[in-house]
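Take a look at the structures listed below.
Okay, so chain A shows up in both of these, paired with chain B first and chain C after.
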Partner chain A sequence: MFSHFIPAVHLFFTIQNLLVVAIGLFVGVTIGAIPGLNVPMTVALLLPITFYMSPVAGISLLIGVYKGGTYGGSISAILINTPGAPAAAATCMDGYPMAKQGKAGKALRASIYGSVIGEFIADLVLITIASQIAMVALKFGPTEKLSLVIFALVTIGVVSSEHKLKGIAAGLLGIFFRTVGSDPISGSSRFTLGVFSLIGGIPFLPHLIGLFAVSEFFVQIESKVVDAQRDVVAPVSKNREDNYVSWKEFKQNIVTIIRSTLIGIGIGALPGSGSAISAFVSYGAAKNASKHPEKFGKGSLEGVFAAETGNNAVCGGALIPLLTLGIPGDAITAIMLGVFLVHGLIPGPDLFVKSGDIIYAVFIGLIVANILHFFIASLGLRLFIKLLSISRAILFPIVIIICVAGAFTANSSIFDVYVMIFFGVLGYVMKKFNFPVAPLMMGYILGSLLETSLVQTLVLSNGSVLPIFTRPISLLFVVLTVFFVVWSLIIQKRGRARKAKL
Partner chain B sequence: MRKPHIRRLGEGITLTVLAGVILFLVPSQIDRIPGMETEVSPFFLPTVLAVAIMAVGIALLAQAFRKNIGEGEKEFPMSGGLRVLVSVLLLIAYTLLFPRLGFLVTSGIFMGIFTYYFGARSILKIGLSMLLVPVCVWLFFEKLFRIPLPHGLIF
Partner chain C sequence: MKKLFLVFIILLASAGLILAEGTQEGAAAGEYPTKPIQIIVPWGAGGRTDINARMFASVAPKYLGQPVVVVNKAGGGSVIGGDYVAKAKPDGYTLLAITPGTNVFPVIFKKAPYGTYDFDPIGQIGSSTMAIASKPDRPWKNVQELIAYTKANPGKVTYACVALKAPQLGFLRWADKAGLKFKHVPVGNDAEAVEAALGGHVDIAMTSSVATIISHVNANKLNALIVFSEKRDANLSDTPTAVETGYAVVASPFTGLAGPKGMPKEVLNKLRTVFRQVIEDPDFLKVMKRIGESISPKFGDEFYAVWKNDFEGYSDIVRKMGFVK
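And now, the complex of A and B:
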């Protein structure tokens, strides 16, 4: 670890990298604060630019957007009762009532402190355990890789949607889209329909810009946008105490912050779960453990701390499987995988051995991003609040112009723009029919690894799939897969029973 | 017989038909490699995927006939579908004109169209967005990051 540290410090501490992290955070908080714009969309839009940066700068930019965007949603959640990002939905429950009581400043500051502390601890956990996990993962053979990919795909399929079958169908479609182009084993072409541009496969960047950004554009254009006069609660109160979190209040919430951080890390490391789930689980856990559960939903500071710490701790947690196993933890880290791949870096255990300096430079970037996050969020709060009133009639056309430019620039190909439109329409239809798009993306990303490890496993065992169940690590992933499927079904059943009772 | 849930029925049929189309395309759209064993042939994964998609489709079809399925879901959630269709066509037109007229001109025109279509009515707002947004995006890509965008007949 320490042999990589000094080169990593040299690699990270450049004016360009520091500036890029700050810009990423600023853009992230802005996007997060504006309802309708979301973090995966922004990360997808910025991805083409990162191809022209150094790997550390590119990854740092997206990390800034990820952290800033996950936090930014709380601003609109607290002030206008509309989560800027799905991750901030739980923040509305207590943030907005606090704002109505004249404590918007206190809620906004609690959101900053919770987010930054959650991120910081999660990043420390990531830095501490990542190399250990990577060392274990180095011993993985094709069978272990196969069961790991199946675990990731099944988990994201069942966790990311209330409708498990739709999540699984989306994941299968994603794998199918990956089979288009040259077969990774024999090199023979598949499903190219005679289109020369498809021989190399469906291009990654237009695919994800279409799925995450263009589909959202279509969702937004469904209704003619007339920007309603939003009822923004005044963020500053005359009573000074209502604008800040006192040391006493902070101390009272330390256990909640630590609990929510641990929940966030655990959920983040689980493929497909994401920050919205973490925020709600953290909120529920805080309510169960609270001495004053009756205050939840009526303006509880503890509720804001729980939701905000829980959702931002996911950022560090989601990077654990990406960096150590090459398996993205959520849609955003799946998109970030593109930065690694375009620079010839394959996330996973080998990266720690071959490019340890880059990994540790990214780790330094994470910590620096947390420090900058605190200052940018605190000092820029008034500006971010003003941005809430930007007209969506201007914002979304800007998004579509950047989408077209971004999809085109990856290969300077008009064909890629058509691919983007195709996946935009597909993503829109999927959203309308409640099919989650994240499993499709994960299926597309992991499809190649799935096929390669499946074929290798079958060849090594003379066509038998038994090694999946006889090799210990592989069996562990099989057991985990079954556990998460059963667990999510039980949770869903309980939720339905609770709804029926109400 | 219970009345099926139309939306779930449609979803099941769509997935089953899609899987059928994939299975139909497998022999004609995949190059055959002589001597390759079944499980390592390029046919293997697509065939397994098609069967799995079909199984999910059939499961959705079966669900369509179950009680309490899709409660609270709209039968056909395509409100605003015409606006989306128009915007898809506009986007295709944008892509067709993009290499001919160049990024700046095409983006200026479509920025205006999309802004108006989204509900903006202020001529100043639309005019400024038509002028400023393409120029800023162009400067950002071409000048700051040196990423080339198409130059057309005019610019």
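And now, the complex of A and C:
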């Protein structure tokens, strides 16, 4: 390792590389913050540019975008209740209530601290014990993945609302929406209603934008205009303590941050899962472990820390299977794999031996990106928080135009815009009847993994579901799921008892 | 500040939309081409097909005298973009970056809204090498032993690959000729197949490109058993081709260019000429080499012969296996 370190330092520390990382972060944060523009698309469009850079610069650029984008989603999630990226859906649940209470500055700072620390620890883990973790990740076969998905779905359904049944119903609806299109085994088309455009399933990006951003737009239209001149998005508190995270608050959240980081690394290292899932599982775990679970969903600082640390720790985690096995864990790392291949670097077991210098230079890039991330995000915060003082009548129409453009551009398809509007209306109706929308999206995201891993399990076991209970890792998740449900019921009961006493 | 920035973004976005729409109209007079040409990529941005198309589009204007715009229309495993081009006006202004999935779809689905041969072939840019690989701890070390083992244990050996696309159909053609029965475990993409094999959850990974397994083969984590190309792969020189095993199947998923069926002769000829010029252009060769893409060009009818060979093979196996829907 150390033999590679000195040449790697020389390889990384050039003006060009530092600049490229900073640009990547800046682009990432901006794209991440705008609902409708997404990180995988940006990374794909930047890809051809990286062909003309050195491998270290090219990969550093994409890492900057990846990290910045995963964090950037939290900005719009906190400020206007629309996650700029799927990973930030969990951040909405407490970030937006905080902003409404005038604590936007505090929430945004918590998001920065959580993201940067989560990333930093995840990167250290990647640098030191990547291959060991990859070996564990390989142990996750179809059965293990199936029980993990069930665990994640139950967690999300249970924690994202006070009405547990409504949360679970929304999750099931999401799974149902995922079944639209050609089924992954036989290829038969399901629930397409004869619409050929649906054969590829319900497109993800329009679904996400509609459900979160467009529905929020409808909610905003409906809300009363008190003073047309000063009808701003949310007030910003004048109190210093509402805009900063105090050392005491930070100390109270250290356990949450570390727990979420570990969850993020673990989920990131498993190909096929990702940052949105990690954010929710971290959020759920934090709520269950919290001394104040009743504050979750109403502006809990812990909730923001959990979600944001959980989703950014995935960045480091997702690089583990990419670098050690050559298996990309999500859409973004899949594109990064392309950059490696283009430069004649084949990720996999022999990468570290053959191109150790370059890999360690990339590792240095990861750490440098963390440091720059902190400064760029902190600078941007001053700018972003001004968004709140814009009149809603100006801001929301602009947001909606970006949403329509974003839904259209990914596939140049007007059908996708209709899909967005459909989910906008659906999201609005759900919000009206107090159904949480986040579980629907998570059901949709996890639905395909649920189906394929279930089918794979059944094929391999000749139609028996017993392996879920007989394979040790799988059994662990089953036990965790049961524990989780029971525990959250106990908490709820205690909360009610406490309320009754008062 | 932020407001200004947003306005700027919107202006950019709307300009993009107008430009994209603008290519649909325009005069038809004069010699082809008189307006920009669109290449529809039926996959997402950043994939292999997309990169090939973009590289092609960056060089082609030199010979066409018109800009070439790449538009991604992903979904349904290349079916949605394929359908769009099959139904486009055959005037040479809407082309398709074609991969086998588009043509295989109508072979399986009787109700498909377009047909396998609803496209005019222009040329093949390249093709990838399909291969199967196993973990070294399985009871076979090479393909002969695999055949012997599977004959003795029919339906026991599992293979992971994407369902009903070129890899599965290619593998089944081979298995059918060899009289072998395997158990299929459907996965979402090549990487998942390799992952399942590395983790020991399945016996065989069937992948559409050797690039996904080379590193593991070099590290002795996987044994490459067969490649499905015409000749042995340069990176896996010890691995026999399917033809060498005595059960001849040649199938290499191609990336090429096609247009809707029924383009005027002079338009098609012009496109084929330009295609050849681009493929032989030193700049194009340089970028493709740089991005590690091997080029195996096939022109016009030669490309059509590849289609015929592939799709007849696929039709047979699809009928035999009862996949037709």
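Basically, the second predicted complex is superposed on the first by the 275 of 502 C-alpha atoms of A that agree within 3 Å, B and C clash if a C-alpha of one lies under 4 Å from a C-alpha of the other, contacts with A are read in each partner's own complex, and residues count from 1 in each chain.
Just so we're on the same page, contacts are C-beta pairs under 8 Å (C-beta built on N, C-alpha and C of every residue); 3 or more make two chains touch, one makes a residue touch a chain.
This is a predicted model, so every value here is computed, not measured.
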Next item on the list: For A:W247, decide between first (touching chain B), second (touching chain C), both and neither.
Entry: neither
Margin query: Looking at A:S186, would you say it contacts chain B, chain C, both, or neither? Reply first, second, both or neither.
Written below: both
Note to self: Applying the document's definition of touch, where does A:G326 land relative to chain B and chain C: first, second, both, or neither?
What the structure shows: second
Notebook entry, point to check: A:L165 contacts which: chain B (first), chain C (second), both, neither?
Noted result: first
Next item on the list: Indicate the residue numbers of chain A shared between its chain B interface and its chain C interface, in ascending order.
Entry: 48, 185-186, 188, 394, 398, 401-402, 405, 408-409, 412, 455, 459
Item checked: Of all residues in chain C, those that touch chain A in their complex -> 1-3, 6-7, 9-10, 13-14, 16-17, 20, 44-46, 48, 50-51, 54, 71-77, 79-80, 83, 108-109, 113, 158, 163-164, 183-188, 191-192, 194-196, 198-202, 211-212, 214-216, 218-219, 221, 287, 290-292, 323, 325
Check: Which residues of chain B touch chain A in their complex?
Finding: 7, 11, 15, 22, 25, 29-33, 36-42, 44-46, 49-50, 52-53, 56-57, 59-60, 63, 73, 77-81, 83-84, 87-88, 91-92, 94-95, 98-99, 103, 107, 110-111, 114-115, 117-120, 125, 129, 133-134, 137, 141, 145-150
Item checked: Interface residues, chain A side, partner chain B - complex -> 48-49, 52, 165-166, 168-169, 172-173, 175-176, 179, 183, 185-186, 188-193, 214, 217-218, 220-227, 391-394, 396-398, 400-402, 404-405, 408-409, 412, 414, 417-418, 421, 424-425, 428, 432-434, 450-451, 454-455, 458-459, 463
Check: In their complex, what parts of chain A are in touch with chain C?
Finding: 34, 40-41, 43-45, 47-48, 51, 138-142, 181-182, 184-188, 196-197, 199-201, 203, 271-272, 321, 325-328, 331, 334-335, 338, 341-344, 346-351, 383-384, 386-387, 390, 394-395, 398, 401-402, 405-406, 408-413, 448, 452, 455-456, 459-460
